[in-house]
Every structure is written in C-alpha cells, then in structure tokens.
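Dumping the structure here so I can ask a few things about it.
Just so it is clear, A, B, C, D, E and F label the chains in written order, and each chain counts residues from 1 on its own.
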Amino acid sequence: MTPETRQRLKQVSTATLTTVLFKRGLRNVFIQGIFLLNRAAPRMVGEAYTLRYIPAREDLDQLGAFEGRGHPQREAIEACPPGHVLVMDARRDASAATGGDILMTRLMVRGAAGIVTDGGLRDTPTIEKLEFPVYCAARSAPLNLVRHHAIDAQVPIGCGGVAVYPGDVLVGDGEGVVVIPAKLVDEVAPEAASQTEFEDWVEVKVKEGRSIFGLYPPNAETKAEFEGWKKSRK
Amino acid sequence: MTPETRQRLKQVSTATLTTVLFKRGLRNVFIQGIFLLNRAAPRMVGEAYTLRYIPAREDLDQLGAFEGRGHPQREAIEACPPGHVLVMDARRDASAATGGDILMTRLMVRGAAGIVTDGGLRDTPTIEKLEFPVYCAARSAPLNLVRHHAIDAQVPIGCGGVAVYPGDVLVGDGEGVVVIPAKLVDEVAPEAASQTEFEDWVEVKVKEGRSIFGLYPPNAETKAEFEGWKKSRK
Amino acid sequence: MTPETRQRLKQVSTATLTTVLFKRGLRNVFIQGIFLLNRAAPRMVGEAYTLRYIPAREDLDQLGAFEGRGHPQREAIEACPPGHVLVMDARRDASAATGGDILMTRLMVRGAAGIVTDGGLRDTPTIEKLEFPVYCAARSAPLNLVRHHAIDAQVPIGCGGVAVYPGDVLVGDGEGVVVIPAKLVDEVAPEAASQTEFEDWVEVKVKEGRSIFGLYPPNAETKAEFEGWKKSRK
Amino acid sequence: MTPETRQRLKQVSTATLTTVLFKRGLRNVFIQGIFLLNRAAPRMVGEAYTLRYIPAREDLDQLGAFEGRGHPQREAIEACPPGHVLVMDARRDASAATGGDILMTRLMVRGAAGIVTDGGLRDTPTIEKLEFPVYCAARSAPLNLVRHHAIDAQVPIGCGGVAVYPGDVLVGDGEGVVVIPAKLVDEVAPEAASQTEFEDWVEVKVKEGRSIFGLYPPNAETKAEFEGWKKSRK
Amino acid sequence: MTPETRQRLKQVSTATLTTVLFKRGLRNVFIQGIFLLNRAAPRMVGEAYTLRYIPAREDLDQLGAFEGRGHPQREAIEACPPGHVLVMDARRDASAATGGDILMTRLMVRGAAGIVTDGGLRDTPTIEKLEFPVYCAARSAPLNLVRHHAIDAQVPIGCGGVAVYPGDVLVGDGEGVVVIPAKLVDEVAPEAASQTEFEDWVEVKVKEGRSIFGLYPPNAETKAEFEGWKKSRK
Amino acid sequence: MTPETRQRLKQVSTATLTTVLFKRGLRNVFIQGIFLLNRAAPRMVGEAYTLRYIPAREDLDQLGAFEGRGHPQREAIEACPPGHVLVMDARRDASAATGGDILMTRLMVRGAAGIVTDGGLRDTPTIEKLEFPVYCAARSAPLNLVRHHAIDAQVPIGCGGVAVYPGDVLVGDGEGVVVIPAKLVDEVAPEAASQTEFEDWVEVKVKEGRSIFGLYPPNAETKAEFEGWKKSRK
C-alpha cells in the first residue's frame, strides 16, 4: 500500500468501498456483526496482522497459559507491526473476551492502526475512551480462557464472515470495517476517492432540492455538470 | 388520520400505544429488531408507504439496474408523499443496505415523516446527523444489490415481523416503532393521550414515594383522586 | 455480604471478577445478551431478589391480571429489599417488556440497588435518564402480557444463561453484570480489589511504553517491582 | 380428564387441536422446536407433571449431586404418576441432555404416558427403540450437569415457548405436542373429534377430485351433504 | 421449458445443477432450511407458481377468512397449473403451518409437480405418505392464521433466501430444491446431464480404487479416457 | 491409541464417554449441530486428520481452483491415513457443501474411519447409502466454492464448537461425535467400558421394575450386587 493510498483510504467511507469492490465482483467484504467501540477514534486504515482462536479446552486453558513468551495472543500484541490492524478470528463467538484494556493500550502505544475481533472484548468502559479504533462483536467480561484458545498468527482467517489474508487492507469508519484484497488496494483507493467526490456533490444538490432521477446515478447531463463543477474548482 | 390525531400521536409513547392496541386484541404491533439511528430526530408519525425487497440474483442485480426511471427503490424515494413514512420489507436481513445518505436526505427534503427498514442502512455516520427519524436493523455498508432486489411498492408487507398495509399509521419514538391499523387510528389516539396523562400523574406520585398497589393499576380511590386533579388543573 | 465487601465491589470491574471466579472453577458467571440502559448510573452491587416469568397464555394474561395485590411482578417491585437487585428470568425473550418506567422508578425510590432482566423493558427513553442501574436485553414497547406471565419470586432462576440463586451478589458496570455465589462473595471481593490495584499499575506501565512480556502476567521481577511500588505509596 | 376424553384425544391430530383452541383465542399451544424420537410409539395423551431446570453452576453440579434421594430430576422420574407426561423446561437449550435411556425406561415401566423436553436427550439410539412417546429438541450426549441443574417439580413452566401448568393435558402425534389447558380439555376433545370426522370425509372427497371451493371450509350445501353422509352411516 | 428439458432435469441432482449455475455466476440458487417430507416421492421438476404471506393480524386473520372464494391460499391451490410447483414465501417462519393434508392432496390430484414452502406444514404424518414431493421448513401443527396471512400470488418472492420469479424452474431431490432462472433452463439441462454422466463414470472409477488426482477434476488424459468410454458404449 | 482401546471405543456410547471425560474436568467434548447421515454405518473410531476452511472470496474461488494437485481439500482426501477421521472446520456454516459423494467414496475406499464436518455435504442421497460413517450439519447442494475456501490441513481447529487437535480420537454413534484428547484416550476407554457394563446391567434391572433410587447412581448395596453378578458371569 503506497502512502498515497493510505491517505486516500482515510477519506473514503466503507460504504463507497463496498461499491468499488462490487464492480470487481467482490460481494462479501464487510465484516458482519461488529461495531466501533470508541467513537472518538480516528479512521482506521492498515494491513491485516491476523490471529486465530479455536475453542478452549479446560485442561489446556488455565491461567498459567499466559506465562512465558509462547502464548500466541500475547505474541501477536507485541508482533503486530506499526500501521497494521490486528484482526482476530474468534469464530463469531462473543460470549467471552478476546482481549482487554491492557492489551489494547499496548497495541495503541506500539503504533498499531487498530484492532478488529469478531469475538468479545473486556474492560470496554476503559477501552472506549482510547483514541484508537477498536471494533468488536460485544462487550464481554469473561476472560478468553473460558471460551477461546489463541492458536496461531499470520494465517488466513475468517472474521465476521469475511476472508482476511495477512496483508489485506482493512478500512474502518463509524459504520464498520471493509476488507480490501492486497492486490487491489492501490487501484481501489483512487476510484473510491473519485466516487466520494461525486457523491459529496450529489449530496449538496439533493439538499438544494434536486430529484434523484438523472442525478443518482447520473445521466449524461449530470455527468457533464459535475465535470464542469470540478473544473471550476481548480 | 385527522390533523388532531397526528398531533396527539406525537405526544404519546410507543409503549402506551401497544397497551391501547392490546385492549383491541392486537398483540403484534411493535416492529422487532430495529433501532432509531438519529436520536436527535423529532417523534415520527405518518402513514405507511411500503417498499418490498426480495433476494438479489447476480445476473439481475448489477449497478446498471439503478439507471433509468424504473428502479422501484428510486421510484419509492420520489413517490413517498409528504407526511408519510417509507417502510421497507427487507426480510429482516441486515447484512446489506436498503438505502444510504443521499436517498435519506432526498426523503427528508421531500417532506417525508421518516423511514423504517428491517434491513441495513449505509452511510450511517452521515445519516445519524440528520434531524429526521430513521429506523434500521443495522449499520451495514454493502450496497443493496449484494443481497436485496427492490420489487414493488404500496403492497402489504411484513416489517420486523409485523404486518404493514399501505396507509397504516407508524409512530416512532426512542424505543422503536408501532404500527396502527388505518381504521383504528382516530380512536386509538385520544385513548392513548388519556392514558399518557394518567401515567404522567402516576409517575409524579411514585416519585413522591407512593406504593404502586392501588395506584397502578388504579383502584376506585385513585381514580377519583386523578379525576379531581384533572379538574383542578382546568 | 459485609459493608466492606459491598464497598470493594463498587470499585472493581466485572472483567476482574470473572477472572477471580475462574480461579475457583466458575466459568459461566457473566449474564449474556444484556446492556446497561442508563449509562450515567452508579455502579451496581446488591443481593439478588428473583422474579420468574413463563410464557403468557391469552386467557390468563389480560389487563385485569394486574389488579388487586396478587400479581407477582407488582409484588416483587414492592418486596425487593433496599440494597438488593431485582433479577428477572424472561427466558431471554426480549420481544416484549418485563417492566416500564413507573415500576423502575418505584424500585429506585424504594432503595433497590438496580434491576437486571433478560427480557425487554418499555419506556426506555424515560428509564435511561434515571440515575439507577437498569440492565435489559432490548428496548421493547409491548406490555409483558403479550409474551410473559410473572409466576413466582425468590426461587433460583436463569438470567442470560447464568444461574442466579436468591442472595447471590450481582455486580454491574458499563460492560455488564457478573453473578457471585453468596458463599464466595466475601473472599472474592478483596482478591478482586488486589487484582485491580495491580492492573491499574500495569496500565500505567504500558502507557509508559513497557512491553507486556514479563509484565502481564508478571514475572518475579515485575512482582517485586509492584510490591516495592505498593510499599512506597504507604 | 374423563376416560372418554382421554380416548378421544388419542384419535385426533395435534393440527386439529390447534384449530379448536384457536377458536377459543389460544394461539400459542404447540411446543416449538421438538420432535418425536421413537416414531413407532403410540399416540401420547396425559396430564403434565413438570420439572424445571436452571443453568448449571460448576461447584454445585458435580457427579455426586445425583446421590441420595434429593435430586429433583431423579425424584421426578419416580414421582410422575401413571398416565401423566413428564414435561421438562430446559430453557430450550439442547446442547446437553436432560435425561437418558435408564430414566426413560424407568418412566415407561412406571406407566407414564410419555415425556417432553425442550432440551436434549442422551442414549437416543436406545431410546428411539422404546415403544414409548419421547419428544426432545436434539440428540445430545453430554450429561445434564454440563449445562442444566434440576431445581423443582410441579411448578408452572415454559416448554418450547408454551406455558405448561401442572395438570394441563399434553397430546402428541408424529407432528409434535399440543398443550390443552386443564379446564378446557373436556370441551375440546369432542369438538376435535367432530372436526376430525369432517376432515376425514373431506379428504375422501378431495381424493375423488372435488375442488376445495365450497368444500373446505364447507358451504351450506356441503354441510348438508356431510350431515346426510353421517346419518347414512349409522 | 421443453419436454426434453423437463425429462433431463428429472435425472440430474440438485448438487450438479448448483455447479452448472455457478459457472454462469449464480451462487445463491439452493433454497435454505427446508427438507423433503415424503421421501418416497418422485423427483420434482416444474415451473414456479408463487404465493406470498405476510405476518398475520388478529382482527383480519380469523377462521371466517377462509370462507368464500377470495382467500389467496385457497385460490392458489386451485389455480396452480398442472406440472407447476407451488412455492410459498412464509418469511422463513415455520412456527405455524402454511398448509395441511387436504390442500396438499388437492394439489396432487390437480396434477401439480410439487410444493415448496419456507414455513411449516401441518398434518405431516398424513402428508409424508403421499407420493408427491413436498418440501417444508418444519412439521408445525398451528394453523396459518396464527402467524401468516396469504396476500397475493404470482409475484416474485423470496423462498429460503433465494429469489423465485413466476415461471422459474424448481428441481427437487432428496437433498433439497434448486431454482433455475426461466431463461437459462434449456441450456442448463443438457449441461447438467453431461456433467452427471461424467460424474457417474468417475464414481465407478473411484470405487475401483482410482485416486481423485487427475480424475476429478479430470486432466487431459482422463478426459480422453472418458470420451473413449462414451464412444465404446454406443 | 492401542488396538485394544480402539476395540473398546467401538463398544461404548458417546453419552458414556462424555461422563468419563466430565470426571476429568472436560465439559465441552460433544460436537454440536451435526447428525449421522448414513444410519447403517458402523461405529466410528479414529484419530483426527483436520482440514480448515475460511470464507470464500469470489476472485480466488472459481472452478479452476480444484485443478492441479495443490487444492487442500483434495489433498486432504488423499492424505488422511487409514483408520483416521477427516474432521472439517467449516465455521458451522452449512449453507454450502464441504464435500460430495465422490470425495466421500474415495475416503471410504482409502480406509478412512469416517468423516465429520460442521458444514454441509452434497450428494447426500448417494452418500447416505454408503456403509461409512459420515456426519454433517446439513444436506446442502451448493458447491463449497460458494462459501468455503479450504486453506490448510493438520492444524488445530474448532468443529461444532469443540477444539480438535490432530491426533485426538473421535468416536461416533447414532447420537453424534465425541472428541477425546489424545493423551487421555487409553485411560478413558477401559473406564467407559466398565461404565457401560454397569449401565447395561442397570437397564435390565429397570426393565424388571426396580426403582432408580439406590440403583442409579448405585448405593453400597447395589454396588455389591453388581460386583456379585459380574463374578457369577465368569
């Protein structure tokens, strides 16, 4: 992802991105069943660093599991590169947490771009005050050991019903999170920026009282009008 | 619906309306699984203008479908009369949108009373700032073509598990939306207004420390006390 | 529950409590599927006073059912002792209410510590303004008679998938509600308070840039550092 | 329930019973989400003997719980009177069993009319061979202690979303189970028998090629024809 | 649909049809959540005749609704042409029936090809003995008035999550039902027949011990072998 | 797993195994939401060979994906060792298949002990006739590419909510499938065999009319009686 792409993606909505990806035949790109916990957070753009959970097993998932360096969840928190998004596959089971405030804070301090989980998070009253984009499926106090066992990182996963490959780009706004395949990101970003510029102009026209017929989608006349407006701004 | 009825319905809660309709044998009048997106919106009262979606089919539901005048969703946005509520049947599937900010804004500018969908909406960070009542089942970025195909308008539909016939009256507050059969609306409104006046008085008594026994529901003594209070106010 | 325990429990999170209970083999202590309606409410700590609903039956559940003294829901509102939490088992069915603003206000005035239901509540726009902890599964306008029949009080129940025995202690914060078995509460509270002190210190260290390796969970060195810090504060 | 009523109910379908109860305003009488495990079983008719489960708690629900006489599930197996149906409220959670083959066999030997649970059952490959009506929500091997705690018997319960009061009459066929309020059973049975006689006659006419218009529901001419046919049979 | 197409479709599986439609970009063609009630039934092939239900409303949906000729469900039973499949949209709600044995028998006698509903059916112990393909979502005794209101016929609908337009061709086997868009049916049938011939040959080879590598999907050598085998049979 | 263990496990039920594992603190060992497709199959016992799916992505999951040797699903079919069970993690999504008759037949011919998937299977009318244990979550015609992407094999997975590590032992009967951690299997098998012998004896006693009090669980007297009976048989 070029720096220009990253910058552009911070200025387009997830809604617009789904349209641009739909034109390329991709219909299943919006992570289902999650929400933005900390609504004062900046827009989220970053490459996926993935973590996979399987169901817990009582003999393996005791508190001692976190000790030492080997625990994949703790490893992932320290390994996720700056500018990346930690994406967790919790099998859409939010009845227990996949992380809490200390881990979220550490990720933020390390410069991560955000975190997305289709499981729960705990300590959400603290997390929601961070200026850091955190998306989860539920506020869920139980520690992860009750339900989840972190098993490996940087493998392809599912998150909220969407495939996420390490290196895919995740974009998040107040609506949710879209996954852009790595190979498409540099072509999707400028197209989404253009579409955004057009839709912002349409919004103004609609507020002025214009009918949507011929405007959205635009007919030839509207296209010409928009192109004229764009030129006039330069 | 008389203007007086419309005015009264703006001052009663959906909770009170379900009680008044229950007395007439109607138990299933509250649209399930939706929420008010823009909490600064005024109370919603208006007649139903309905739109029905069926599942999308990949060969029919391409971006070109929106072009020209014939698309039922775009037609409905321009046809829904002022003072009416656009009600969408999306089969309670919120994994894709049934509309976005441009369409919502156009509806508002045209004088609609509000919109209710049991599917998703996109561009919700923008929509939630409109001073216009918008109810949906989820914030959902994917465009409708991914999942929904608008098929016809002004037919009886289901929305959130409730029957909605064109012309039924929808009332919405911060709790949700109630559907009142058209033929009942002028008798329901004054009864709900009376019930509201009584419950407001009860609330004051409860805050003063009165037990609910004999008060709510009222015994003969309480009824007399309330009637006396009402007279004293005039 | 000693006054000291009550005080301590007001200062620990539900997340920390699930960890302390997990150490004792209890994995299912967090009530699933509910949320705090009135976010300005104080922390909730209190003994459970339980109320059980079964499905409604049309011939029994008419408006007249509330009249007289015998209705279990109304009885429970007047019987729940000060400092206790009214906990309702509505079979996780939130398609109708299990109470409304008048009952919630009466509970608050009577000195209850809060209320938890795995069903719906009505009049939520009013309830959410009370400075009183109210947890429910949904905003739901329909009166309880549509779906629920209050049947008995102070029996063991399930609430949001968790066993609640009368006298168990419920603790609620912005994340949700944990159920502590009565016999464990006086040993759980100080342990949770200690754990909270440690985690608050960890949070500071993480904000200063410390890695979580060796810190959380702590190795011997970290434990010594924390003990030193604790001594230095006294 | 008179012996004549019991006999009649063995010859009518659950479908017909829902219609007869619907005429009396009862819409929610069919237990949802269960199936007949042993399809060679006789029709089931009997009064409800109820058993209630709440969620398990790890410290209480260990194998030792079954020892001695006090365990409510074991008590219920030995206490359910001959001719009665044991009805279990397992909160519609079928992820663990609420009984197994030994208990089902004991019930059968004791002369019970059948058993209905909205939880799971274990040892179903053995149970399904009994000539005894057993209805459950799933084949589920885990012992009840994993999820369920038997708490009390002969209290009103919910089963599969339907209210069941001790003494209500349960009727089961290959389709499922209907709950008839005790006070209605002697009037419902003959009406259902008459309706069955009429529908059997209609079925013959339809097989002969008759249109359903005027036949089902019957117009005056059809009613007369049916009455004539009934007389001709005597 | 030509007679030859109809004949071919009776000899291919729904699995094979989903593959042939997938090649044309159609991914959502298998009706979800239904099963074949009468497993001795012949294969089902026929054009869709559609019926749409909305939620019931207590004042409209009383037993009298079936009287006279106007009731859409009864009309549909008498209007569905021979060789067609009656397809019902019950909003995937199987808690009540959308038909019973008399209506199913009438449909069969009239020469319909089968029936598909994403709601429940009643009298299933009788229906399952008919030699007629009947697919539903559940055995469900309650009459349709409890939950469903038949509203119109021969409009596009959703059934089990799939779009069904009047005239589309439905094919059913023991696995379920596939919907083929009307315009594609004559090209899909021969392709599916060829694919079936190949897969039957593969099945024989696999039973003989052949590895699936190079066989399924076939490499050039396997393709040649299969073509040779086909020629040798003529 | 010793040959003796394998033999013993073929003679115990999944219900008994859950009890024996419960004694060791393992509560979540029964795969939820699946059923045995081919009921004439022999009992299933074998070590887990795992396959993991993630959600499909339209650009990657085209029919060409199966060509060549690299496709993980096809590789797994050819790599699963004789005596092992192929266990598939399809994220509990059964709206598309994870395999069909050709692959199942190949597995059987290769000597696998069975297959378990928490997704769908296609060609089930053919598969159900194989004398080979096949467990799935639904009959589902759509090819896997519609929803699933096979990603890797022999990694720890979740299946039906249960953790499965490669080498764990899966035991299946007509009720479902239990997962036994590899390290426990040789101690669990004899204990389950003993428990089975006792319960078979209890079943006889219950059929003779014995009360379950003191019998199940057994008191000292019953234990002595059973031990005597065992000795008398030798």
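Following the convention adopted for this analysis, contacts are C-beta pairs under 8 Å (C-beta built on N, C-alpha and C of every residue); 3 or more make two chains touch, one makes a residue touch a chain.
These numbers come from a predicted model, not from an experiment.
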Steps needed, at fewest, to go from subunit D to subunit F via touching chains: 1
Which other chains touch subunit C while also touching subunit F? A, D
Shared numbers divided by all numbers used: is that above or below half for subunit A and subunit B, i.e. same or different? different
Comparing residue numbers, which of A-F, D-F or B-E shares more than half of the contact pairs of E-F? D-F
Between A-F and A-C, more contacting C-beta pairs sit at A-C
At what distance in angstrom does the C-alpha mean of subunit E lie from that of subunit A? 39
Measure off the straight-line distance from the CA centroid of subunit D to the CA centroid of subunit E, and report it in whole Å. 31
Based only on mean CA positions, could you tell me how far subunit C sits from subunit D in angstrom? 37
Could you tell me the distance, in whole angstrom, between the mean C-alpha positions of subunit C and subunit E? 49
Give me the residues of subunit C that touch two or more other chains. 27-28
Which pairs of chains touch, using the document's own definition: A-B, A-C, A-F, B-C, B-E, C-D, D-E, D-F, E-F
Can you list the residues on subunit B that touch subunit E in the complex? 24-28, 54-59, 91-92, 149, 151-152, 155-158, 161-163, 181
So in the complex, which bits of subunit C are touching subunit B? 63, 66-67, 69, 74, 77-78, 95, 97, 100-103, 105-106, 109, 122-126, 139-143, 145-146
Give every residue of subunit F touching subunit D within the complex, in rising order. 13-15, 17-19, 22-23, 27-30, 32, 35, 173-176, 178, 199, 202-203, 206-207, 209, 211-213, 216-217
